[in-house]
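Consider the two complexes below, in which subunit A is the common component and subunit B and subunit C are the respective partners.
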Partner chain A sequence: MFAACADPKAIESLTWLTCYLTSGKHLDFYWSFVTVLTLLALTAPIALAMGFLGASAARARFFPLRILGKSYAALVRGVPDIVFFLFFVIALDQGIEYMKSLAVCQGGEWPWQGLEFRVCPEAKVPLGAASAMWHQAYGFGLAVFTFAIVFGAFAANVLYGAMNAVPQAQLETAEAYGMSHGQVFRRILVPQMWVFALPGLSNLWMILIKATPLLFLLGVKDIVYYARELGGSKTQAYEYPHPDWRLWYFLGLLVFYLVFTSVSERVLARISARLSRGQATAAGEAMRKAAP
Partner chain B sequence: MKKLLLATALIAVSGAAFAQDVVRLGTEGAYPPFNFINDAGEVAGFERDVGDELCKRAELTCEWVTNEWDSIIPNLQSGNYDVIIAGMSITDERDEVIDFSQGYYPPTSSAYVAVAADADLKGVISAQVSTIQAGYIAESGATLLEFPTPDETIAAVRNGEAAAVFADKDFLIPIVAESGGELMFVGDEVRLGGGVGLAFRESDTELKAKFDAAIQSMKDDGSLNALIETHFGPEGAKF
Partner chain C sequence: MTCWETVQAYWLRSIGLGENLLPKSDFTLCQQVTLIGSGLIWNIYFGVLALAFGFLFAVAVALGKTSPQAALRVPADWFVFIFRGSPLFIQFFLAYETLQLLPKSGINLFGITVETAWTTRAWAGALFVLFLNTTAYAAEIFHGALKSIPRGDLEAAEAYGLTGWQKFRRIQWPTMLRLAWPAYTNEAIFLFHATTLVFFSGFPAFRQMGDALYYANYFADKTFNPFVPYPIVALYFIGLTLVVTGLFALVNRRLNRHLPSNAKSRIRLRPQLIR
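Up next is the complex of A and B:
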């Protein structure tokens, strides 16, 4: 990056450290923080939306829909995360390529041949000739989708519980005023359930923050991968040889995670206060009494 | 009409040939001097040089992909890349599920490294998961302690978790040499595997033939030995 870094083995102390911390691999490391934050920013709303759909389906009066919503939450929550991230992603990837092969391949051979999965080169997603960036973006997309499904199932359960926690009397009163089923759901149930859902959802958010190292299973290089890779001892084959420094890198990650979770805590506390206003809960009641 | 069909078929065939011209090479990127991610964040090492030269000779456009060691064979089979070039020893066990090219690195010795000369080689021995060394230790009667990356197997010896590490000698030589006397070779060397080769899907015979021919041409003109000398020093095993 800097001219002084042209010959890393000849420089010392502070210059060496500056050059070391700005090497190409370290810049990739810094970028991986952006990757993780982007993943969180995309996954959280999608997972919440999936959870909302799942919970609404689980409450539906139409029986098949109710079964669908309930089994989504039950099945996905029951499967260990690591199995999900290993098996489901490969199945999803092959499924996408199989669908594409039906459209673009001639011959239509069954792609699962023994241990191999084989489709014609045109059906590869992304195409073999695509740049590395597309391969990464595709892997990232699969990651967001998988995280959203897994965390959506947990969110569905949380929201389902929250919907049931809204006092039945309020719903019945609304119906007595002549509101339709949909109107009760939109005007009475949903606005009030968030305060009950928040503790569960904030738990999920915290777990999601810490689950991002699972990204590496999907081939996306995340901050934990880089900390391990950069921290490992390096021989003279590398430009910047050094002993085992993993402790320092992981301490750095510890600080990152602690700062990030404590900021989240504060934001969630504010949201909680906002949602409790005027609610028939202990927190809402306390607010009412404190008001002049 | 016939001509039109023929032309369509030709375009389809040439399209397929074009798409196949980009060959994705999968490597681990954590096994110096065979392959590692250098400080610029790119794949480097002996296999980078060999792979690039082979692709040039076979007139293929190649792209490098990294994949963790443990899932490197399943990901080849599911088509995420087309070739494994990751210091993988040719063994009968692996040959049942994938195909190997001829060796581009001769059969080598595996060795034990410990912090003390009297290390108990029947005690806890660290090795990388799914390697021939791990298989050997499991059968030798010692207690096998497996790690996903080669670097962690060394760290386990340094912090006393394992009595010794068992790995490719070529990987261990620079580590022992630069440890300042902390680490040393102990016990006897063991010869394992049938050399290091490229791995392909069993259905990819055409691609394998191209690489086999390219490896042969590098052996014939001595350029392969020259690369071994550059990366493993004068004591590196030659053809």
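Up next is the complex of A and C:
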């Protein structure tokens, strides 16, 4: 990157460190933090939307829909989330390729043959000839979708509880005023449920942050991948030989996560205070009493 | 091989007994159920021991957090902050790398050489991380419970002349446990879930002796079919969750036995504590 870095073997100490930390691989490492933040930025709204749909379905009067919503919310209770992560990534991948093979392949064979999953080359997603970037983007997309499914189920749980926490009398009053079910839902239930949902959703956000290293297990080149790559000991054959520094890289990641979670905690505490203002909850009541 | 022979060959495979070679081809449902079930031994081992050690230490940390002395409070606060604020996955990696830095030949302590090689093994290293991790989460729960002990109870205890250890033993401790128990049940459940991370996070599975998810992943990799092994793990864990909930509910009933039935705290499963 810098002119002084042309010959890494000749330089020393601080210059060496600067050159080392700005090498091409390290720039990739810094970009992988953006990958993690992108994952969070994409997953959070999608998961919230899926959770909202799940929670609304769980309250539906139509029986099959209610069962669907409730079983979606119950999905995550007894089973470790990492099982879902490992499962959904392969299952989604195979499901997509199977669907595509139905459309594009001649002579539809059942693809799970013996010890292989076989579809015709045209049905591969992305196609074998596609550039590496597409493969990475597809892998990332699968990861986002997997995270959204699992965290959507968590969110459905939280939102379902929040919807039940809205005082029943308010809904009955709204009905007494002649509002339809949809109107009660839109005008009374949804605007009021957020303050009840917020503690649960804040918790979920923290869990989501702390689940991001699992991206590594899904085959995405994330920060854990680069920390292991870059930290491993490098022999003289490399430009920047060094002993095993993985400990320092992981310490860096630890600090990153600690800062991230503690900043989030502070921001969420503010939002919570803002939303509690004037609400008929214990927190709102405390604020009312504290005000002069 | 009949199914019964498979069970005999593999049901203790995860602790190194029985057939040495894992199945390589012609995978049967029986093999998958047996091996994954065998791996569950490790999940139970990690979960039970981490909870047992973590419980006492967590009470100590929780008391440290409520202490008026900064010398006790500040370290307790930092401990909880570090272990609750960072992913367990990273903690595993970090611990593994740290333990690897210990001198291979052992540490010389007053003339006695202490072996260090075993610390990088999952049974010790990962257990230590899980123990610290559950301590931090449980300490936060107990701290919350200590803070919500009714003030009247404490004042009454003082009026009766109870102080220090007696006040803690007779008043604070039982109430704290009773208040914390539902949340602590969740912590226990999610600790068991967290044990599945061990063999995916740096700690290698020695001689292919891994936990339930390790074997499930093995089968999924070999057969390219995730639809059999992962649901098997899921079912095993649902079973384990039910057992843990049942055991903790028994304790809960004992903790609440003096209360009228409408005032008892009920255990509700909440997915709050994934790491």
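Assume the second predicted complex is superposed on the first by the 286 of 292 C-alpha atoms of A that agree within 3 Å, B and C clash if a C-alpha of one lies under 4 Å from a C-alpha of the other, contacts with A are read in each partner's own complex, and residues count from 1 in each chain.
Basically, a contact is a pair of C-beta atoms (placed from the backbone, for glycine too) under 8 Å apart; a residue touches a chain by one contact, two chains touch by 3 or more.
Here the structure is a predicted model, which means the values were calculated and not measured.
Judged by the touch definition given at the top, the superposed model places A:229 against subunit B, while subunit C stays out of reach. When the two structures are aligned on the shared chain, A:157 is found in touch with subunit C, with no touch to subunit B. Of the two partner chains placed by superposition, subunit B and subunit C are both touched by A:117.
Of the two partner chains, subunit C is the only one that A:81 touches; subunit B does not reach it.
Looking at the shared chain after the overlay, A:129 reaches subunit B, while subunit C stays out of its contact range. In the superposition on chain A, contact is made by A:90 with both subunit B and subunit C. Contacts of A:261 after superposition: subunit C is touched, whereas subunit B is not reached.
Once chain A of one complex is fitted onto chain A of the other, the partner contacts of A:25 are limited to subunit B, with no touch recorded for subunit C.
When the two complexes are laid over each other on chain A, subunit A has residues 90, 94, 115-117, 216, 228, 244, 246 in contact with both subunit B and subunit C. Those residues of subunit C whose C-beta lies close enough to touch subunit A in the complex are 25, 27, 81-82, 85-91, 93-94, 97-98, 100-101, 192-194, 196-197, 200, 213, 216-217, 220, 222-227, 230-231, 233-234, 237-238, 241-242, 269-272, 274-275.
Across the complex, subunit B is touched by residues 8, 20, 23-25, 27-28, 90, 93-94, 97, 106, 113, 115-122, 124, 127-129, 132, 135, 216, 219, 228-229, 232-233, 235-241, 244, 246 of subunit A.
Within the complex, the subunit B residues that touch subunit A are 12, 15-16, 18-24, 30, 32-33, 36-42, 45, 61, 63, 65, 67-68, 74, 77-80, 82, 97, 149, 151-152, 154-155, 158, 174-175, 178, 201-203. Across the interface of their complex, subunit C is touched by residues 76-83, 86-87, 90-91, 94, 112, 115-117, 154, 157, 200, 203, 207, 209-214, 216-217, 224, 227-228, 231, 244, 246-247, 250-251, 253-254, 257-258, 261-262 of subunit A.
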